[in-house]
Amino acid sequence: MENEIKKLLEDVKNGGVSVDDALLKLKAQPFEDLGYAKVDFHRKTRQGTPEIIYGESKTPEQIIGIINSMLKNNQKRILITRLSEEKAELIKKEFDLEYFSDARIGIIGGISEEGAGKIVVATGGTSDIPVAEEAVLTAQFLGNKVTRLYDVGVAGLHRLLSSLDEIMDARVIIAVAGMEGALASVIGGLSDCPVIAVPTSVGYGSSFEGLSALLSMLNSCASGVSVVNIDNGFGAGYIANMINKE
Amino acid sequence: MENEIKKLLEDVKNGGVSVDDALLKLKAQPFEDLGYAKVDFHRKTRQGTPEIIYGESKTPEQIIGIINSMLKNNQKRILITRLSEEKAELIKKEFDLEYFSDARIGIIGGISEEGAGKIVVATGGTSDIPVAEEAVLTAQFLGNKVTRLYDVGVAGLHRLLSSLDEIMDARVIIAVAGMEGALASVIGGLSDCPVIAVPTSVGYGSSFEGLSALLSMLNSCASGVSVVNIDNGFGAGYIANMINKE
Amino acid sequence: MENEIKKLLEDVKNGGVSVDDALLKLKAQPFEDLGYAKVDFHRKTRQGTPEIIYGESKTPEQIIGIINSMLKNNQKRILITRLSEEKAELIKKEFDLEYFSDARIGIIGGISEEGAGKIVVATGGTSDIPVAEEAVLTAQFLGNKVTRLYDVGVAGLHRLLSSLDEIMDARVIIAVAGMEGALASVIGGLSDCPVIAVPTSVGYGSSFEGLSALLSMLNSCASGVSVVNIDNGFGAGYIANMINKE
Amino acid sequence: MENEIKKLLEDVKNGGVSVDDALLKLKAQPFEDLGYAKVDFHRKTRQGTPEIIYGESKTPEQIIGIINSMLKNNQKRILITRLSEEKAELIKKEFDLEYFSDARIGIIGGISEEGAGKIVVATGGTSDIPVAEEAVLTAQFLGNKVTRLYDVGVAGLHRLLSSLDEIMDARVIIAVAGMEGALASVIGGLSDCPVIAVPTSVGYGSSFEGLSALLSMLNSCASGVSVVNIDNGFGAGYIANMINKE
Amino acid sequence: MENEIKKLLEDVKNGGVSVDDALLKLKAQPFEDLGYAKVDFHRKTRQGTPEIIYGESKTPEQIIGIINSMLKNNQKRILITRLSEEKAELIKKEFDLEYFSDARIGIIGGISEEGAGKIVVATGGTSDIPVAEEAVLTAQFLGNKVTRLYDVGVAGLHRLLSSLDEIMDARVIIAVAGMEGALASVIGGLSDCPVIAVPTSVGYGSSFEGLSALLSMLNSCASGVSVVNIDNGFGAGYIANMINKE
Amino acid sequence: MENEIKKLLEDVKNGGVSVDDALLKLKAQPFEDLGYAKVDFHRKTRQGTPEIIYGESKTPEQIIGIINSMLKNNQKRILITRLSEEKAELIKKEFDLEYFSDARIGIIGGISEEGAGKIVVATGGTSDIPVAEEAVLTAQFLGNKVTRLYDVGVAGLHRLLSSLDEIMDARVIIAVAGMEGALASVIGGLSDCPVIAVPTSVGYGSSFEGLSALLSMLNSCASGVSVVNIDNGFGAGYIANMINKE
Amino acid sequence: MENEIKKLLEDVKNGGVSVDDALLKLKAQPFEDLGYAKVDFHRKTRQGTPEIIYGESKTPEQIIGIINSMLKNNQKRILITRLSEEKAELIKKEFDLEYFSDARIGIIGGISEEGAGKIVVATGGTSDIPVAEEAVLTAQFLGNKVTRLYDVGVAGLHRLLSSLDEIMDARVIIAVAGMEGALASVIGGLSDCPVIAVPTSVGYGSSFEGLSALLSMLNSCASGVSVVNIDNGFGAGYIANMINKE
Amino acid sequence: MENEIKKLLEDVKNGGVSVDDALLKLKAQPFEDLGYAKVDFHRKTRQGTPEIIYGESKTPEQIIGIINSMLKNNQKRILITRLSEEKAELIKKEFDLEYFSDARIGIIGGISEEGAGKIVVATGGTSDIPVAEEAVLTAQFLGNKVTRLYDVGVAGLHRLLSSLDEIMDARVIIAVAGMEGALASVIGGLSDCPVIAVPTSVGYGSSFEGLSALLSMLNSCASGVSVVNIDNGFGAGYIANMINKE
């Protein structure tokens, strides 16, 4: 950014750019303003860079508007999270969208599991799978190889121990669990890589919609565990990609 | 109790007891009223049955008063919990009291590890030991054999697994842990006996004085785990005795 | 388990088992992996041992898959908890399932109230009955005799006192109550056996979905009371069996 | 008040009072403003009516200032609550103050247990006594007869039942208890008079400084129970007087 | 009760009653056990005494069973709280029930506003009226005269002040308010009688379903205020009757 | 008010007003009592002053009654907040009502963006817009000019910085944001005018229905930020008007 | 800021400023970096503008360092909040500091109550005065006239009503109250200006260190009330100045 | 581990190891049991690998015991966290310990800032520095280069923006902030690397000992942010090392 400013100032000096134009450029908005949303292009917008839309509280019309704005700006691959089946149906009429109902994710432009990635996504139980799939698809969309270890909760430790190889071998592990969230600590104790813990709202009574798992994970006695919001599979997949990529 | 009433009524019929005396007996108080405390003798008071005093918010004078009342009623063995070192010193001047500073427990009449007991007390870390010792001494005072498994937290799973024999062999296990409290779930998954989980107030930040461990243990995904109050080592030892005895 | 390892090592020494085969066996998974679930057979799998499925967040198809895997492994008797009426209807088409709508429990292979069990299940009010029934059926399925004491809340103490005989006589008592949860303390004070307290989400306003009863039970002034999660009738029944059996 | 206004208007009409004087009177402050406090005399100030000062966060100088203002206005009897021993010592140098260290209450002008009062104050345990004494002294200061029932917690039900006569006979009962607060419900179920429940901060762990007892009492399954703030013995005594007096 | 026991013992002595019959009588249940409910008759059951059923979590069949049991025992007047319109319709087919949809209350045997009662029921806003009506009807059913002061919240103080006469004149005041619950404090400061505060779940955001009003009322700076559970209009009406009656 | 009282007293003195009439006037209610609501006219009721109705928990009939009462009293312009589409349809049949479905606001008598107002309303995301629109319409209805800055959340700081001019120039800023609520702090740090922060219930998991944003805003490290209730767009618009007007 | 950038660019064009110098200026830090603190001068730094230091968690050495940095930059008047007596003593040795122990505020350069300000600061009780004084001194330091209304809590409404003139006349009111925090609502209903509510941590039991007052104030039924953090007198004074100034 | 087992089995086959010895080895404890602690050596124990001791709840004697056990096992470099000044003094007498009082960290064997590390540690304010220093020292001890950006809170955005270069250039950023915790979101929006957020207990009132910052960070609207426990500087430094190393 500094370089761009320097270049601009030199252009002003050279007379190549007028003062008013320079001023305008310095203030120029690196996003398109759709009124209800400011579509963001401030990452280096080389062709094909994946973009992400949070679908939860947007109308299908708004999502379609944002997709159009993105495609117009050469974003060929788009991930839409928290997308309900109903909205997905409407969007499919306009674009070539692949929909994953478990993870409530829609993808335009396909997955590209290209890289050297070694991300493991583990769940405590069967009911944590939707959140885990959100993490898996996000990581895959961003170009990582992912291994699934589902239903390896700590109440049946041998199930987890039988996958020790995958755990030992990972660059990042995403531990998805509700109820008491002990999975993160146990995995954290077995591995030497960063563990991203995702509490889920699975459970009842004093699980308090995921609060129990959240607190448990924040207090993990194993070093190397950090935590994202309850049910935030997308966030975990996104961070895992950041760690795995460089 | 039914029998006693029947006996009493027959005595009335036989004239052995007057109506007024019977009435009095039916209302008789099975405890001594010291004003500030009603010392309880309603358990069958055969000689030597152990008695327990909760020392926390009682003055040394009150505790001494209660001990005297108990001794007078033939209670030879007495356990005092939550007893500070200062109070213990004062009480020692009056009675033959053994004091355990870690567990903050005082005992009159000694421990009698008589029985067929197979109680295991495990802790997640070093800092959980005082609470664990309260459980151990309570269980021992009530006549159980106890095995200690300290510092076997889930972040170093091999430490716990190396004690699998003791865990497999127990009649009851007391799992004492702060922070994320995962120990209870992991032990619950490894054993086939009842696990009594004791959350401790060990930890900081979002452990919220033991709340995190408490919620975690209540939401254990392992069957067979029940929970007592934060730091309630005494309660766990007392229940373990009840389970182990019959 | 130790013996199995010893046997294996001796087989290796004798040449009866190759090194690679032994290695494989040591890592062998004692469960069937259905992808969405790892069906667990690590308890000694003698014919007919009862198995349990948590039905809440599983699809009927998943439950049917798990049942088939169990039957294939010679599990003749199966308990399914948190089973909705709709799912039960679908499962009934495939298997000989008995459904209890109050307790939301389905059973394959029948109840076998065989044993010497003396478990009492008490409730504070009429509305706590569904949770209590979950406990009753679980305990009966696991082979215990159960006595029901319903609607004996502490606001009408004489109702509870009129059942003193059953309370005095029990090996374990399960106290199920919402609102202020005082039932556990009062029963705990009247009996000499372990009391498993189950807070229920019955109530309104500041009962906060069972939190009030939960805290009340954790703070019971009666010794001998431990607590399970809100509405966790199954857990209470399971623990009561553990205590009652040996 | 209406009458006073009418009288004033008639005086204006008659010329007995000027318009400006009337305006002044209508705005006149029925209290003395000491800067840091506005001492209140808006209750009909007949000679000797008892007055109350909340001593907690006032300096001894401020309390002395308020007492002087009261005495000047013919308040002969004064109750000071939440008064520390240190402050009491300083105040004693100026006035004839009786100090009760348990209840942290100071009284000028003595107690006058005059009336037909039948107030019962019960506690669950020994540690609830200070809060109970605050209630007792407040009620006595306001002219009520009070019966103490201390250490009658529900874990030893026979201790409570042996005082059934007093409970049956009361006009109001104040139930003071920490931990699980079940005392209020049990007493509420045994009596036909209003029960004022006072949760105390006695307990540890998940009692959360009285929150557990507070919630428990608010959710009492017994009709007739209302609740005041944690440790608010004064408030309970004050309300009991209101109910008992008329 | 003491007299009854004395009488019984004398009958035993006289031979008028056999020992076994006496034993039976002493243990006799003063309620009818319907299985799902123990209908309570332990109050002196003179003809026509009003009885109360909590309708929330009972089926219409259970309610009808309880009504029949009561009528059989000569309870002519019955109040059913938390009764939905649907259940009321079904019950109306069997009995002569009057239904109040605002308060969700059903009454058999009519209201009898007989007494010297001077109960005021005030609400902060229009939305608090349903809870207030539950209190009004309960108090009227139990034989009290009630004055309604609705929508007199503290944000428009003159509305409240214009009803000062009613407030000054009451024997008990029930203050029903959601949001910040300040009504109880202001009324408490204006009156000399007991104020029963009922927090309501009216509000949004940080009112947290009535928690804000509840805490506010518990911390009232006015003496004389006690609190019942959120939305507990019935409880307030019941206590107001207890205070007003004697 | 003082002047009115003085005038009244002089009239009494002059005989222009009788004592009884004066008394009546002093007690006269400055509102109309509709039974379910007391419609308030205590603000100086000059013709055309806008009035506001909180529509949430009122029936359409009640709202229509209140509107009629207002129109009768010469209130020509009325704002109705928290008005559902269904209720709006019914009210439209009676009055000339304009309805804004996003903000759930109905307006009679139109908006009058008359003044010197410079209020900025900013949102963190697209989903915060409904709450923001409630604030915008309220402020406009009360006669202020409003600038909208939507979707300028802190995760894309350049979007916010590109609107620095509007932020620098405002007399008041309303910052509407859910999730972590950081918008208020960042805007507070950039501007020199009062910032009214409105937390929204947008988010999931540990946002706890807006609690996270609420706490975040209350703890803003920027001076000049005050906070209203979660989702309380109306309150923010109303206060902004108060600040902007004088 | 835009103008400065424009000016800079024109200077570059004119050759008056080199490209590198311009770049430097654009990046120049408008603060001094002391290592432990970055002292901020980005407000227009005309001579004598007051500056503020949050003293709580800074060492005396750090505060002295910051003061020196400020004085060097021509800040003649400095306000230090949350300053303990001990730190103040040390600072006094270096600078001409006036210390207010109640408000825990230190001031260099004096107060200048210059303006047209009409700010009212009201407290519910005597114990809220320290927080109120923090607000008063902050507002006075920033050049506002302030009226104190102390101990006017809602339990004695006449004390508040006797100051109606001041309340009616204010441009802003700061309402400081603990316990149930009703003061803000009542004042909000009586006045037509913005009310800034400051909850205080005064109280005990279920006041939960100010939480009760905070929630109460956020849920105020009076329009025009916004809230700052618990005990944040400084923040309230700062905002009041912002509102009052323009 | 697999290889070790394979080797062992081959040794058994070859007769190099007896069956019983093999069994013993398979169960051998890779740690030293000190009674109060099990010192862990299960990471590959090559000479000089750094080891970490959590000092908080251990006595100086226990810490010295653990250090001795580590040194004996060839751990030359040791980090001790949460070490009070008093304990440090005692330990210094035995070992060559460097103590950092701000971070409460003790180090044996020195720091080795060897690597390619580019870790940035930023704080919102001056008071967050102790927690930040714990992170800095941990990361440096583990061999990373660290850049400090202190006091760059979002209320003065230009301070943060002036360090954009460091932020853009980092491999991992640790964002340490109390109060509203907005720093993590703003940094997360400016950078493309993983951000580890550390809430601190700095603040007062509704910051609730760090809860406000914790919730804020968990709800960050910026992707790439994960969170550790309140004040857990060590954990953040440890994870940052994991991410930075490979």
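To keep things simple, chains are lettered A, B, C, D, E, F, G and H as they appear, and every chain counts its residues starting from 1.
Throughout what follows, a residue touches a chain if its C-beta (ideal position, glycine included) is under 8 Å from a C-beta of that chain, and two chains touch if they have at least 3 such contacts.
Everything quoted here is computed from the prediction, not taken from an experiment.
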Provide the labels of all chains in contact with chain C and in contact with chain H. A, B
Just to be sure I understand: going only through chains that touch, what's the smallest number of steps from chain E to chain H? 2
State the superposition rotation angle between the two copies chain G and chain H, fitting on C-alpha atoms only and giving a multiple of 5 degrees from 0 to 180. 90
Which of B-C and A-B has more C-beta contact pairs: A-B
As a quick test, compute the distance in whole Å between the mean CA positions of chain D and chain F. 41
Roughly how far is chain F from chain G, going centre to centre by Cα mean, in whole Å? 26
Rounded to the nearest Å, the gap separating the Cα centres of chain A and chain E is 54
For chain F, jot down the residues that touch at least 2 other chains. 2, 27, 125, 156, 205-207, 211, 214, 218-219, 223, 229
Please list, in label order, each pair of chains that touches. A-B, A-C, A-F, A-G, A-H, B-C, B-D, B-E, B-H, C-D, C-E, C-H, D-E, D-F, D-G, E-F, E-G, F-G, F-H, G-H
Seen from chain B, its contact residues with chain E in the complex are 2, 5-6, 9-10, 12-13, 15, 19, 22-23, 26-27
If you look only at chain H, which of its residues touch chain F in the complex? 124-125, 153-157, 179-182, 185-186, 188-190, 203, 205-208, 211-213, 215-223
Per the touch rule above, chain A residues touching chain C in the complex are 125-127, 129, 150-152, 156, 158-159, 162, 202, 204-207
The chain F residues in contact with chain E across the complex are 27, 29-31, 35-38, 40, 42, 56-58, 62, 199, 201, 209-211, 214, 229-232
Mind pulling up the chain B residues that touch chain C in the complex? 1-2, 43, 52, 164-165, 168, 171, 192-194, 196, 214, 218-219, 223-230, 234-236, 238-239, 242-243, 246
